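As structure tokens, here come the structures.
Presented sequentially are two complexes of chain A, the first with chain B as partner and the second with chain C.
Coming up: the complex of A and B.
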């Protein structure tokens, strides 16, 4: 049963990730990307990370995708080329390297021996995660909020420049 | 079982790198970056499931915040570049690539 769930999730994830980087129109890219995000959230549920799956749905599938679509609609596509093609030479050279690295990592991971420290995850994922987040990792948490503050200031500065010029 | 999820994360990171290398469109390149970040998240969560500790999920939350700020800054830059270059095409923006 677990294997079946994994096969379904990974097929959808890899297919929609490849679709997102290969289709032409930016709006179609966003649709493929939305499918990718949903499959990633499903894999978080399968790995018993409930809080992260919820955050994935709320932050990625709602906030970030809507933000992308908003920006895509503000670009005047009658002046900008919708599809600019691929870098041909890079494609020819990158494809064998991509296939080789994927094959090598599949070989290495399948033949690797992970540690035997298998402990069951805590029953209540949200309370366990919150406890660790607000005690042991309080400094990275504060740093993350600082990163968000800097990003907000930067976005405001970009917006002001557009309004003035 | 966790090995396979780890493998899925690694493959997704490589797909993201591949997308950044081959595409010309700036928005698609940002989406490829997001795919890479999600691959890292899946790897972290599978390791957390394997070890039975939630520490890796905390790092995954921090990756989520970095992704949110990356989208805010990156899309602002994309719109600014299109405005600055006079809405031509993003294939002309190759100062850092060449």
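Coming up: the complex of A and C.
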């Protein structure tokens, strides 16, 4: 049963990831991307990582997708260089890298015993994560707030610059 | 859960070890408030400069100097040790030297941003935390902090399209490198159930070997993008050319130093099982970087771009000696990364003064006859160029000799020969700059303006370039202790 769920979810995930690359309209890309995000959230649910799935839904499916749609509406599309057919040269360069990555991943899956290394998750995801965040990982947690501060200052600088001309 | 229970599990007295970091953060905070309170004026510009200098000086003074010191704080996520202390002091001092140039440059180019001061402070804070942790989460968070500040600082050139374009390229490729680092971290965590590099590397066994090696190599590749290793260097020349020149110097010196520290910390923990995969990947990357970086620098006509490619080549020199994975190799790498930050910063700072001239467009022929315009500037530029080339008695020579020694100890001679070949290629462009400067007719008339602070910084950099080259043991004794201490701790595990 677990395997069946996993196969269905991951097929949807791969299909929507491919869809996001292959369709032309930017809004359709976002819809496919949303499908990808939802299927990843579903696979987290299947693995009983509730908090991660919830965060995936709240942050990606809501905040980031909405943000992207807002950005898409502000872009002057008539000025943007559109897709001009198949990039042959890039494909030739990308193919060996792609084949190498796939081959290496398959080798890893076959030759390693990662499933033996799996740890049982704590029953109460949220409180376990909260406790760790405020005790052991207090230093990186505090530092992460600086990232937001820096990004906010940067956004204000460039926003102001545009407003002033 | 009871809040007192949570607070009790964090030892609040451990914050006293973070005094330099807290001082830097407090400086950023004060500047941030001043920016809101004060009205824009000439006085405000000078106040910002002096307050930044004051806080950086206070931060240097707040270090407690101890040798062979090691302490894990915050449940092992943050490490206070001698390597961290050395690199933090270097980063702060390099920032101190950049700030006066940044002030003049922004004034002259009519692109003054008060925000740049506190972004510099926050990126310095990121560098300091990056230099002092073995924990993957802290490394990731600090890496993001430094990188995001760099993306913003690259774009801070008012009305310049190239600056925005360079920043955008940096943003995209920097984002990819962060993702690769996270992917590697996920493999390492899956293999070892730990987030601490020391525990991860010593958890080697047959069952998790493949995942550990993949994680290690992906982690290495992510840092290779950050420090500009070929073939992941595409962002570097564009971003370095696009950024305001003092900021380029800041990224190439303090930034590069900070990005190298986690790799340096990894070296003592690469044990004999992991050694061959580490050696092969590092040495191939390093050989490609040294040869291709120097060959590409040879064909550049833009002086800033040329120095950017020379910075790539120097990353290759430093990375090459990490492949030897010995105490001697680590010493050479630490020495070289410190001295490169001195000479690289010097070269970029001289360029930033030259950019004051109207006629200056960074093209190589424009430097012709600079000696007749400004003696001090051209002589100090020649000193930095000779140091980058590696002529005795400057630091560059000692650095390259030590790298060669580090490679020879482990019998990796082929990489040593690649190093010599790369240096031979680099002679072409470095010597051309010096010949143009001293033996050609004047291209344009130019009287540079620099005040006392800028004079002091350039003189200090020239002084360091000579003194650390003629008396390398000033730095060497400290570095030697650091490296042996790191290996001793690694062997205890």
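In the analysis below, the second predicted complex is superposed on the first by the 153 of 165 C-alpha atoms of A that agree within 3 Å, B and C clash if a C-alpha of one lies under 4 Å from a C-alpha of the other, contacts with A are read in each partner's own complex, and residues count from 1 in each chain.
Please note the rule applied: contacts are C-beta pairs under 8 Å (C-beta built on N, C-alpha and C of every residue); 3 or more make two chains touch, one makes a residue touch a chain.
Everything quoted here is computed from the prediction, not taken from an experiment.
Enquirer: Have a look at where A:137 lands relative to chain B and chain C in the superposition and call it first, second, both or neither.
Expert: Touch status of A:137: both partners.
Enquirer: Quick check on the superposed pair: does A:52 touch chain B, chain C, both, or neither? Answer first, second, both or neither.
Expert: The answer is first: A:52 touches chain B but not chain C.
Enquirer: By residue count, which of the two partners contacts chain A more extensively, chain B or chain C?
Expert: B
Enquirer: With both complexes overlaid on chain A, does A:40 touch chain B (first), chain C (second), both or neither?
Expert: A:40 contacts chain B only, not chain C.
Enquirer: Based on the superposed arrangement, let me know which partner A:154 touches: chain B (first), chain C (second), both, or neither?
Expert: So A:154 meets both chain B and chain C here.
Enquirer: Determine, under the contact definition given at the top, whether A:79 touches first (chain B), second (chain C), both, or neither.
Expert: first
Enquirer: Considering only touches as defined above, state whether A:129 meets chain B (first), chain C (second), both or neither.
Expert: first
Enquirer: Return the residues of chain A at which the contacts from chain B and from chain C coincide.
Expert: 112, 114, 117, 119, 136-137, 140, 144, 147, 150-151, 154, 158, 161
Enquirer: Applying the document's contact rule, which stretches of chain A touch chain B when the two form their complex?
Expert: My answer: residues 2-3, 6, 9-10, 13-14, 17-18, 20-21, 26, 29-30, 33, 36-37, 40, 43-44, 46-49, 51-52, 55-56, 59-60, 63-64, 67-68, 71-72, 74-76, 79-81, 83-87, 90-91, 94-95, 98, 101-102, 105-106, 109-110, 112, 114-115, 117-122, 125, 128-129, 132-133, 136-137, 140-141, 144-145, 147-148, 150-152, 154-155, 158-159, 161-162, 165.
Enquirer: Which residues of chain A touch chain C once you look at their complex with the stated criterion?
Expert: Within the complex, chain A touches chain C at residues 104, 107-108, 111-114, 116-117, 119, 127, 130-131, 134-140, 143-144, 146-147, 149-151, 153-154, 156-158, 161.
Enquirer: Name, in rising order, each residue of chain C that touches chain A in their complex.
Expert: Interface residues on chain C, with respect to chain A: 1, 6, 9-10, 25, 74-75, 77-78, 113, 115, 118-119, 122-123, 125-126, 129, 135, 137-138, 140-142, 144-145, 148-149, 151-152, 155-156, 158, 190-191, 193, 207-208, 210-211, 214.
Enquirer: Touching residues of chain B toward chain A in the complex: what are they?
Expert: Residue list for chain B touching chain A: 1-8, 10-12, 14-19, 21-25, 27-28, 30-32, 34-35, 38, 41-42, 45-46, 48-55, 57-62, 64-73, 75-80, 82-83, 87-91.
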